[in-house]
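Okay, so chain A shows up in both of these, paired with chain B first and chain C after.
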Partner chain A sequence: MNTAPAASLPESARDANASLRRAISETRRRNAGKVRLAGLQGAGEPWQWCLGGALALGILMVLGLLLLVFWNGLVTFWPRPIEQVRLHDGTVVAGEPVRSQTFRPGQEVLAALDPAPRSGIERNDGMAARTLYRTGNYDLYGDDFRWLPDYEIAEVSRPWDLMLVERMEWGVFVGRIVAISSGGQRAPVGDVRSPDLIKRHEEARRRWQSIRALERGEIGAVNHRLEQERLRLRRASLANPEGGTALDAARQRFAEREAALKAQHQVLADRASGMRRAHEGDLVVLADAAGREKEMPLGAIVRFYPANDLSLAERLGVYLSRWGEFLLDEPREANTEGGVMPAIFGTFAMTLLLVLVVTPFGVITALYLREYARQGRLVSIVRISVNNLAGVPSIVYGVFGLGFFAYILGGSIDQIFFPERLPNPTYGTGGLLWASLTLALLTVPVVIVATEEALAAVPRSMREGSLACGASKWQTIRNIVLPRAMPGIMTGVILAMARGAGEVAPLMLVGVVKLAPELPIDGYFPFVHLERSFMHLGFHIFDVGFQSRNSEAGKPMVFVTTLLLIALIFAMNVSAILLRNRLKRRFQGSQF
Partner chain B sequence: MNQTSATARPASIEFGPTVYHVSRGSHGEAVEISDFDLWYGAKQALFSISMGVEAGLVTALIGPSGCGKSTLLRCLNRMNDLIDGLRIRGRISVAGQDLYAPAADVIAIRKQMGMVFQKPNPFPMTIFENVAYPLRVDGIRHRAMIAETVERSLRGAALWDEVKDRLHESALGLSGGQQQRLCIARAIAGTPEVLLMDEPCSALDPIATAKIEELIDELRGQFTIVIVTHNMQQAARVSDNVAFMYLGRLIEYGDTDTVFTAPKNERTQDYVTGRFG
Partner chain C sequence: MSAKGIVLAGAAMLLAVGSVAPAIAQGVQIDPALPRYAAVSGVSGNVKSIGSDTLNNLMTLWAEGFQALYPNVKIEIEGKGSSTAPPALVAGTAQFGPMSRPMNQREIDAFQQRFGYPPRAVRGAVDALAVYVHKDNPIQCMTLQQVDAVFSRTRRGGHSTEITTWGQLGLTGEWANRPISLYGRNSASGTYGYFKEVALFNGDYRDSVKEQPGSSTVVQGIASDRYAIGYSGVGYRTADVRAVPLATRPGERCFEANAENAYAGDYPLARFLYIYVNVNPNQPLDPLRRELIRFIYSRQGQEATVKDGYFPVTQAIAEEDLRAMRIIN
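And now, the complex of A and B:
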């Protein structure tokens, strides 16, 4: 082209354009219907449907899970009717029907049946129906649940006077309240709603609670002081291995204090045992559906209600009082009944501590990696390693936490600061602090990655603007970069929190226990006891569902606890997101 | 530079020597650039630039994209330090102090040189805090002093009347032109000697541009202003002296009227008459 004369250029160019256009339209005609398929597929709609369908499927599964958990969790505490079942052999059983299913009775069972039900089963291809009843009365029957096949049942009724009695021990009792007896005086109970019964039950409960308060509170405090004195003596004897006047003085002091405290303890213990005697003398007589009687202290009954004779308001009352107990009380009956307050508290405290540890640690690491470190091979390796850390199975972190934090770090702390308590470990065993640190380690990659992204997303113009004002690098980071990156950092922290709160496996190694009677916060100095083991909702689910004596009894609690765990994590996430949005609002209207 | 028009020194062989005209101004040079080279890694971006910026006047750097005018401007407050693999040779001095001396305090240098960027970049803070930022990083806590400086700077940037009732609202709520004037206020709040402007109007509409140009005119005399611009009309309107750069070389430098009306170099002529660029 450059050799052609200037005057002929436009013309030749026009020719070239025309031939090119011809060639392109020729190719388009040839390929019509091949490259770009006509119709639906050409528009790409089937792909849209596939993508949308995948999303819908995902949402459906999540919704299904939530619905299952919500439904099962919400109905658990609703009082259900009790059915009294008379069997063909004359036995009378009562219980809450739990669920029904069809099953195939064995040959020998069929052979022993009457001809009428047997032919019915044979018509049904050998299948029969059966219902699971929650009969309670573990102390009488040795079991809480019983399957009753339809062919054994002669009659089902719902007598109004059948009671469901929740007890401190042995699970529920299904039957009737026959009498109350105190001091050998037995007074029959006619009406289960009699104010007298209710009043006496309330009194008995109050007495029981004051026994517990006395034992936990005042006697506990005396024991605590006694332990302190013992530790003080031991400290003195460790400090003066040779003996001497100081040790003698300490011994003297201990002897005095011990005597005083023991006297105090004796007074309190006498009071407690007096109340216990009253507790055990105030009895209630229960009878199951078949009439077998059972005597027990009135104060050991948590709640009773005539299940078949409740108005809606009364049902609601029972429902709410059960929720209240669940949320605010301690567990009973190997965690299958009662509340989960210590577990809620433990989960919350651990997550909070985890966030407090992981946020500064992750943010500082990311700041160094992104802002200060020279971007080279070493930093790339560090970054890849951090990302890979997120993929390590969590149980490995648990083992590391136990070995490093609890045994090495905690062991050293015990040697240095708490020698008088050895060989009992203080920090040298699993506890709230070590669990939080382990989970912080587990979740720190999430925070690092999110923070790095957020820092990288801060526009260069912001940094330059600040530097041009004469700000140092650190001033720029603190005043401009960090505030600007804060929503992104918060996102990372939220993700870390959600992951940490839902983690169970490593916790089993570093401090979560089935039952922790003492909360990590109490009235004894130093008030916050990070070394204590604690309860956790996630572990509680595992424990109730799979480690308890009766998985059928634990099942409803699994759902309720799951519901609670989801709600707790949801609440924590929502509050974190609200906080993030408040931060974000400050950057609204930004053009960058 | 009060040099005679005949003074010339070689910029490079193909581009011919830099042509220096008599430049306007009589207060001496605020910034002196001598024999300055710059490389990004192996690529040389500035070739032996020598020029003096007249104190108290507006000096425009013009030239086609990629000619190195922004690079040169960003060398004046060592903003280019952020770039990896940057090398320089030569000398830039401000008030007799060598910017690139090994012992030079970068932060002190930047405090002497206010800078306004291509896109308005107010910080995500209140209007007041934006302008107070240079004082805050200096550790000044005196409230009355800060308030006074903020007002003076906002008045200086012709923004006071528009924002005096909303000083404690977010700066991000301002319009683009207001944001850029806020950035100018911020730049002059630290009382710099030189004001560097890197295409300050390229992201603004014509009305906002006119306001900024008016403002530059008002600031003339108070500060030494170096402005990079794409817009030759703007250069002609606001500047006293103009430097034309091309492919990293300073081609022609001097009094704006002379460079625009009687350029010596052919490329300058082509550029200022709009034949390329």
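And now, the complex of A and C:
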């Protein structure tokens, strides 16, 4: 009854509309005398509605998810006002209001209340409202968030001089800046915007940064050389287990170098500790809303602002500076604060390496399967296997990567090339290289399938033309087939990249860790360290969302990091698509 | 950076002042006898830590503090559960194996078989495993036997009946007929093992316990489920949940999950958090691991413990462990 119109279409039809119309009228003629619905079905209308509806639903859900991530991610860093709350019992609390909800207070809570608020709650069907405040000051009170029910609150105000102070340690401080003290001299701070305070804070921050640069750069280099010498000695003692002159020479050399390096280290360390003393002597006195004071180094403050007294431009300044810190800095306080620079770099480096591995591997496989292999049962089996590989759960690849790459391959590399570092593994544990290879295995079916399709789509006439001109098979493939298949291959690579960058589960087994601030590229030979573990944005999301001490504080960071991961994948995809379009344009004019 | 304005506790052993009760919570005080850590020269290299996720953040904080002193040290931290620590130590893939429970005999045997000596433990922090309920839950006290009857199907604790509704725990009104919704950890977790051993008297968990992949996930689950109960480290407390005071036996006093009660041994679920290390008794420890262990037992290291919500250890414990590892004589 329902012959699909498409099936009866003549293949050479040029005008799709005309043939569709013909098909519909033919179906109508055949279905004449039957119920009207059949005609409608024959025309495919209910199906069109279903497909359209499904598409709309899908787009709506994706957009909804993206909108949620975007909105929550974008507002996180926007500075919010601070409210000072005085409770009926006289306690003063200050904090950023986070969210409110209604709840039903228990009987014993109600019984303890004054008659006035109690009757208010009873009028409201026993429901009351409460607000969650981000109070900070974890070092003083052992809490960073606090729920305050409305019936406990006597007064809410927004004093202009309340500051939000972001610190290197212990999270935020909500309160006032009372004084600056250095060398035991305490100078009260009257105006929170005094240029003197800002100048001294900038100086203190610069000093802290130069301490870090000294420790990381110069002291780090000395330590690195010392470690190299130690390894050299160990290598010598492994090579000469019986001892002998070579080992003695190595020992002597080590002793000389060690003494020189230690002296160098001492000089630098003295300089650093002198700067540290200055850092720790330059203090700022903070006081919370209730008046409790806290002294800390001025340089340990990341930024401070009077939250209730900001113009729009100042707000924007704080917002952008927070984004800058997030994108460019290292994480602090077990990843809940600071930036995600190592994670961005790790994700990017891994994806790049993945593409470098997966593209040649996939393309060569597809070339052989499509162009050289005799099409038969064996090739069919290989093809089916490749397709099935795409359906294997990703965690299985992770287990394989850990067992084969890290333990077997990496373990052997360590035995052969890095015996002096054992028992500490170099390649014999998860790392950037093994993670990329594992993900390359995971995504290679995508590239193979896409490349095969692209190769098949190159017209036979072009190959024959090339062969007829006397080109060999390889010349034909290289000069005619591959360039024309390139856009299709690129599509496969883009798909593989998108899948690889978003994958987390297998990575947790083969090299992604919670904390690895050291980037895989640095200034020490051999400059690129593929054996290093790395941080990954996807894992960072999991870690901050499910593992951080304070899940309340972690939530906004989850959204920001998700936003960033989406943006990174989007940027990589867009650049790949642009590249593909350029390739396409190049061959558009040269079709026969 | 030490907190100013906190009164020092006089006694050397009892360090905790103030309670962690939400209304007047105070910072926890650190043993003043613990030395400040000072950097020494020649420390660099890589360390990897594989193990407990309860200790994940604390290890990270220690690593951050240590790396601030030794910029060339690379510390990698992986935390998927205490049971992942012993195999990693045996295979040599990790130098530190944080665990939220002591190693069991089988794990120690496996280690000894490979190396010929037992692993050593650093007791880096004290945790009070808290039983959390939703912040609106009015329950005031539970005995371990009640906890067992709630979480376990075997009821080895000796409670006569199964407890499935809040009414059976003495709550009235809207709570009386509400079923208890259970949250717990997955079986790779040391917290799972410890809770099973102490609170369940080695009984079996009920099938209805919703097993969560992380300590923080348990707290988040309880925060969004008004009738929930679950267990997790005291460091993961948020404003949305409340820790129930616990009593060891029916009729006894209930104790809050705070530092004071954990040190005094009054809180029934207080435990040490361990970091296992491969220490060859015949060889001196390499400088990197030695210094990291000394850092953990320093003032800065124990400040990190407080920062992560756990309770610091005392100088007496530090000396005992350092001596056992021959770091000090």
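Everything that follows uses one rule, which is that the second predicted complex is superposed on the first by the 542 of 592 C-alpha atoms of A that agree within 3 Å, B and C clash if a C-alpha of one lies under 4 Å from a C-alpha of the other, contacts with A are read in each partner's own complex, and residues count from 1 in each chain.
Going forward, a residue touches a chain if its C-beta (ideal position, glycine included) is under 8 Å from a C-beta of that chain, and two chains touch if they have at least 3 such contacts.
Model, not experiment: these values are computed from the prediction.
Visitor: Kindly classify A:Lys262 by the partners it touches after superposition: chain B alone (first), chain C alone (second), both, or neither?
Guide: Second partner only, chain C.
Visitor: More chain A residues touched by chain B or by chain C?
Guide: C
Visitor: Under the stated touch criterion, which partner chain does A:Arg532 make contact with: chain B (first), chain C (second), both, or neither?
Guide: second
Visitor: Is A:Ile480 in contact with chain B, with chain C, with both, or with neither (first, second, both, neither)?
Guide: Only chain B is touched by A:Ile480; chain C is not.
Visitor: When the two structures are overlaid on chain A, which partner does A:Gly428 contact: first (chain B), second (chain C), both, or neither?
Guide: second
Visitor: Have a look at where A:Val172 lands relative to chain B and chain C in the superposition and call it first, second, both or neither.
Guide: Neither partner.
Visitor: Just to be sure I read the superposition right, which of the two partners does A:Met350 touch: chain B = first, chain C = second, or both, or neither?
Guide: Touch partners of A:Met350: none, neither chain B nor chain C.
Visitor: Counting only touches as set out at the top, which of chain B and chain C does A:Ala307 meet: first, second, both, neither?
Guide: Once the two structures are laid over each other on A, A:Ala307 reaches no partner at all.
Visitor: State whether A:Ser466 touches chain B only (first), chain C only (second), both chains, or neither.
Guide: A:Ser466 contacts chain B only, not chain C.
Visitor: State whether A:Lys294 touches chain B only (first), chain C only (second), both chains, or neither.
Guide: Once the two structures are laid over each other on A, A:Lys294 reaches chain C alone.
Visitor: Could you please specify the touching residues of chain B with respect to chain A in the complex?
Guide: It comes out as residues 77, 79, 82, 107-108, 110-111, 113-115, 117, 119-124, 133-134, 136-138, 170, 172-173, 176, 179, 183, 186-187, 190.
Visitor: Which of the residues in chain A come into contact with chain C in the complex?
Guide: So the residues of chain A touching chain C come out as 103-109, 132, 138-143, 145-147, 169-170, 212, 215-216, 219-220, 223-224, 226-227, 258, 261-262, 265-266, 269, 292-297, 300, 332-335, 407, 422-425, 428-429, 508, 513-518, 532-533, 545-552, 554.
Visitor: Where on chain C does chain A make contact in their complex?
Guide: The touching residues are 1, 3-5, 20, 22, 25-28, 39, 41-46, 48, 53, 56-58, 60-61, 63-64, 67-68, 70-72, 74-80, 91-93, 95, 135-136, 138, 172-174, 213-217, 219-220, 223, 235-236, 238-240, 307-309.
Visitor: In the complex formed with chain B, which residues of chain A make contact?
Guide: It is residues 459, 461-472, 475, 479-480, 483-484, 586-592 of chain A that touch chain B.
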